[in-house]
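Two complexes, one shared chain (chain A), two partners (chain B, chain C).
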Partner chain A sequence: MEDTGVHLRGVTKDFGAVQVIRGVDIDIERGQFAVFVGPSGCGKSTLLRMIAGLEETSGGKIIISDRDVTDFDPADRGVAMVFQSYALYPHLSVFENMAFSLRLAKRPKAEVKDKVVEAAQILQLTDHLDKKPSQLSGGQRQRVAIGRAIVRDPDVFLFDEPLSNLDAELRVAMRLELARLHQKLGATMIYVTHDQVEAMTLADVIFVLQGGYVQQSGAPLDLYDDPSNRFVAGFIGSPSMNFFNATVEDRTDTGIRARLEGQPDVAFDVDLTAPPDPGATVVLGMRPEHLVVTEGEGMRVTVDVAEELGGVSYQHGTLDGGDPVIFQQTGARHNMHGTVQTVTPQTDRIFAFTPEGDRIR
Partner chain B sequence: MTAKQGRNIAFSALVLIAAAIWIFPLYWALTTSLRSENRIVSDAGVWIDELNFSAYIEVLSTSKLPIWYLNSVGTSLIITVIVLITGMMCAYALSQLRFPGRRLLYLVVVASFMVPVPALYVAQFVLMSDLGLVNSWWGIILPQLIVPVVVIVYKQFFDAIPKEMREAVLLDGGGEFTLLFKLYLPLNWGITAALAIITFISAWNNFFWPFLVVTSESMMTIPVGITQVNDSFGVFYARMMALALLAAAPVIIGYLIFQKRVTEAVMISAGVKG
Partner chain C sequence: MSIATRRRREVRDAILLVAPFLIIFGVFFLYPTYKVIALSFTDAPLIGEGNWIGLDNYIKLFSDRLFYTSVWNNFYFVLLTVIPTTIIALLIALAVGKLKGRMQALVLTLFFLPYVLPVSVVTMIWAWMLDFQFGILQPLIEAVTGKPVPVFKNPYWVMPMIAVVTIWWTNGFNVLLFIAGLRNIPDDLYEAAALDGATAWQRFWRVTWPLLWPITALVLTLQLILQLKLFDQVYLLSNGGPFNSSYVVLMQMYREAFQLNNGGYASAIAMVLFGIIVIVSVLQFQLLRIGGRRK
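And now, the complex of A and B:
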């Protein structure tokens, strides 16, 4: 079968003296839903625009469907893009917006109509084909933008933060629609977002970017369960992972025993295959959902803000030593605001990092 | 009566007085054109107490008014079309294309805006004369094709179109001409109409350049033609006013039809001209 995947080889991008993409290698297989995620300024949108051909590539190769498209014009790369602002043509009807690329390619009228009507059916836009974009709601505009991509029948769909202009409810609904659309079309899709929830729910494969590098890539749960550095550990998962400085007190049969710097009466056993020497400083990472309220010994947390979401609540507080802590409560209804709680991490759910941020395994 | 109502009435009165002052010369031209030449000299009254159309009949039957109309319409239309097309393309290049010297070129356009047009008349006349274009439409047209304000206004509007729309067209397979004629121009029909109106009006009203470059009566535009009704026996006020009103008629009728657009156009160009 023809490989319509997307492959990046040592791709770099310079803006003057500043290098924003610093040698990225990416493999996205045919039909995969790939998500580029990272904080603002990490280069994720730039990378997407380079794949689209809207930014020139300073170094490396971009291969789409077995073709080196690095120097191709955007229209010749077999990609279609959905923009954050939708970028619909305001003077054209929904039909004409979707037909624009086909008309430019001088396709027969019947084919144009068939393709647009088919895309409109997929996206439930059939009743709106004669309207102007200004007469549509945000969600409908977004669907027109997607429709404009569908009619081109591209090898790769590119989405640049397509949901960030929508309100929270619509965002969730459109997220589901995108997931369904991906199943239906089976096309390769690359999606850029800063929202790690979108990344986790949509992706087959996530690429976490920061500082112009891919920090880690893999299936969403692999990144969650096995982050390769402190940045990824903190970025994937909501709320973020808690980090505490600790000192290696001793080696154990399975790893180390580390004592918290913030609260020296507490020490935890961490399973590691390559344990650091006693006396070394490590950073322990614990997810809010893995901290359990216990009686007796544990980390003493003074809760200062409680976020009650109904099903779960997030308790924000500080450890004795001043480190900020978030822990999750499920089903608990008593107000913890202002109280001191003792929490303990679930065993095997503690991650260890070097002070530089690398994972210790 | 509240203070606010009082202010409104005072303001309305002021506007009415200003309007009356503005319209008076037009009105006087009308009364003058409807009198006999002899009476104008003896009695400069302002009331319409005579409906004498002899000046109109005289002007329409003896002058070359139809040809002057044709010259005015022809040259003004050609000027408008060329100015808009070249101005739009120049503005598009300055706004959207990246090439060395782009900023410098834009500065030149802006600077050329500060050169008073009459300062160029001598040089332009010599040029037209060298090109053998004196007494021709092109002699009237060519120097009037330099209208930097069109470039500046278009550029501002092109700059305001979101970059993503441009990129969407590029991804859809469009080039620069598709971008200009299928995206930037359709999105700016309003401003195009406005610029067309001000360009047309200023070309129609232009007196001095056509007066310089044309000496043959059959090549004159209407404003220049108006000067031709005097003969060696003196000034004929009624005929002059009749001709002036006939010359202004198309512009006035056009204004009444496109009132909103003209106001818009004047506001936009005033905004640029400061």
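And now, the complex of A and C:
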């Protein structure tokens, strides 16, 4: 079978003296929903625009459907893009917006009509075909932009933060629609977002970008369960992971025993296959959902803000040493605000990192 | 404070704010306009009262052969300037739009510079450059026609040359309008069009041109009105000659009013020119609007 995936080999991008993409290798298989996620300025949009051909590639190769498209014009790459701003032609009707690429290619009228009507049906836009974009709501405009991409029948769909101009409720609804659309079309999709919730819910495979590098890639839950460095651990998961400095006190049979700095009476066992020497400094990472309130020994947290969401609540506080802590409670109305709580992590849910941020396994 | 007092204050403030404009508008625009209309029905000299003569001035005007020559020259000039200046300004704006940052500002300034000059300076510069004996442009004309041409004394050359001077003088402003219009078109639209497979030419005709149409219509309308009011350049460069071949309506009005002391007759000419400008520009605006809607 023909491989219609997207493959990047050592791709770099320079803007003058500044290198924003510093050698990226990416493999996206045919039909996968891939998400580039990262904080603003990490180069994720630039990378997407390079795949689209809207930015020149400074080095490396971009291969789409077995063709090296690095120097191809955007139109010849077999990609369609949905922009953050939708980029609809304001002077054209919804129909003509979706028909634009077919009109340029001078396709027969009947074919144009069939394709546009079919795409409009998929996206529930049939009643709006004669309207101008300015008469549509944000969600409808978004669908027209997607429709314009569908009509082109591309090998790869590219989405550049498509939901960030929508309000929260609509964003959730459109997220579901996109997931359904992906199932229905079965096409390869690459989606850029800074929102890790969008990334987790939509992706087959996530690429976490930062500083011009892919920090880690994999299935959403693999990144959550097994982050390869401190950045990914902190970026994936909401609210983000707690990090505490600790000193290796001793080696155990399965790993190390580490004592938190500023909390001399608390020490945790961490299972590691390559344990560092006693006396070394490590960073321990614990997710808010893995910290449980205990009657026994643990970290003493002074809770100053409680976010009650109904089903769960997030308790924000500080350790005695001043380190900020977030821990999660299931159910609401704990009235922990202003109290001192003792929490302890589930033992097999502690991650260890070097002070430089690399994972210790 | 009661509602009545507050309302009274608001009204007082409103009147205070509008009054300066209303007074100036009334004294310097409304009253003179009324005066011109009233004068056009009298045989008044430039200064002083005249007798009511009804429509005599208009009847005389419509049998005045010089008036038809002037109107014809006006429309000839409009033809020579309006569309060419719009096309040139659009081309310059498209080219300048490709430049970046300071270079763009510099080039834009260069194109805008002539617009800052007073008309007397502009005509002086061009009178020198086109001087029959010493003009630096005469070799160019000689190269094309085979002999030097005293352009402002030649009935075939005079109007086109005044048009060239006018376009050179006023083009910068139109370039500025087009640049502003081009900047209003988001880059995404061009990127989307590029992904849709549009060539540079298709991007212009299917994205730039339709989205720039309101600006184009504005430039065309402003130019039409401006060029129908042609006077200074003709007065300074050719004084209406040779053989009235550059005589225009405002020229005729000026001569009747300030040289022949026929205030009433000059007012009638002004009123007819006003009528022509209103009719033509409304007509053009409607045509452009229909053209815009069809796209």
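Definition applied: the second predicted complex is superposed on the first by the 360 of 361 C-alpha atoms of A that agree within 3 Å, B and C clash if a C-alpha of one lies under 4 Å from a C-alpha of the other, contacts with A are read in each partner's own complex, and residues count from 1 in each chain.
Note that in this section a contact is a pair of C-beta atoms (placed from the backbone, for glycine too) under 8 Å apart; a residue touches a chain by one contact, two chains touch by 3 or more.
Every value quoted in this text rests on a predicted model; they were computed, and no experiment measured them.
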Notebook entry, point to check: chain A superposed: clash or fit between chain B and chain C?
Noted result: clash
Check: Which partner does A:Met81 reach: the first (chain B), the second (chain C), both, or neither?
Finding: both
Next item on the list: Pick one for A:Gln216: touches chain B only (first), chain C only (second), both, or neither.
Entry: neither
Notebook entry, point to check: Between chain B (first) and chain C (second), which does A:Arg152 come into contact with in this model arrangement: first, second, both, or neither?
Noted result: both
Next item on the list: Check whether A:Gln142 is in contact with chain B, with chain C, with both or with neither, and answer first, second, both or neither.
Entry: neither
Next item on the list: Kindly classify A:Ala105 by the partners it touches after superposition: chain B alone (first), chain C alone (second), both, or neither?
Entry: both
Notebook entry, point to check: Does the superposition put A:Ala52 against chain B (first), chain C (second), both, or neither?
Noted result: both
Checklist line | Overlap of the chain B and chain C footprints on chain A, listed as residue numbers | finding: 52-54, 73-75, 79-81, 83, 85, 87, 89-91, 100-101, 104-105, 148, 152
Checklist line | Residue ranges of chain A in contact with chain B within the complex | finding: 52-54, 73-75, 79-81, 83-87, 89-91, 100-101, 104-105, 148, 152
Notebook entry, point to check: Which chain B residues qualify as touching chain A in the complex?
Noted result: 162, 164-165, 167-174, 178, 183, 186-187
Next item on the list: Over in the complex, which chain C residues touch chain A? Could you list them?
Entry: 186, 188-189, 191-198, 202, 206-207, 210-211, 295
Check: Of all residues in chain A, which touch chain C in the complex?
Finding: 52-54, 73-75, 79-81, 83, 85, 87, 89-91, 100-101, 104-105, 148, 152
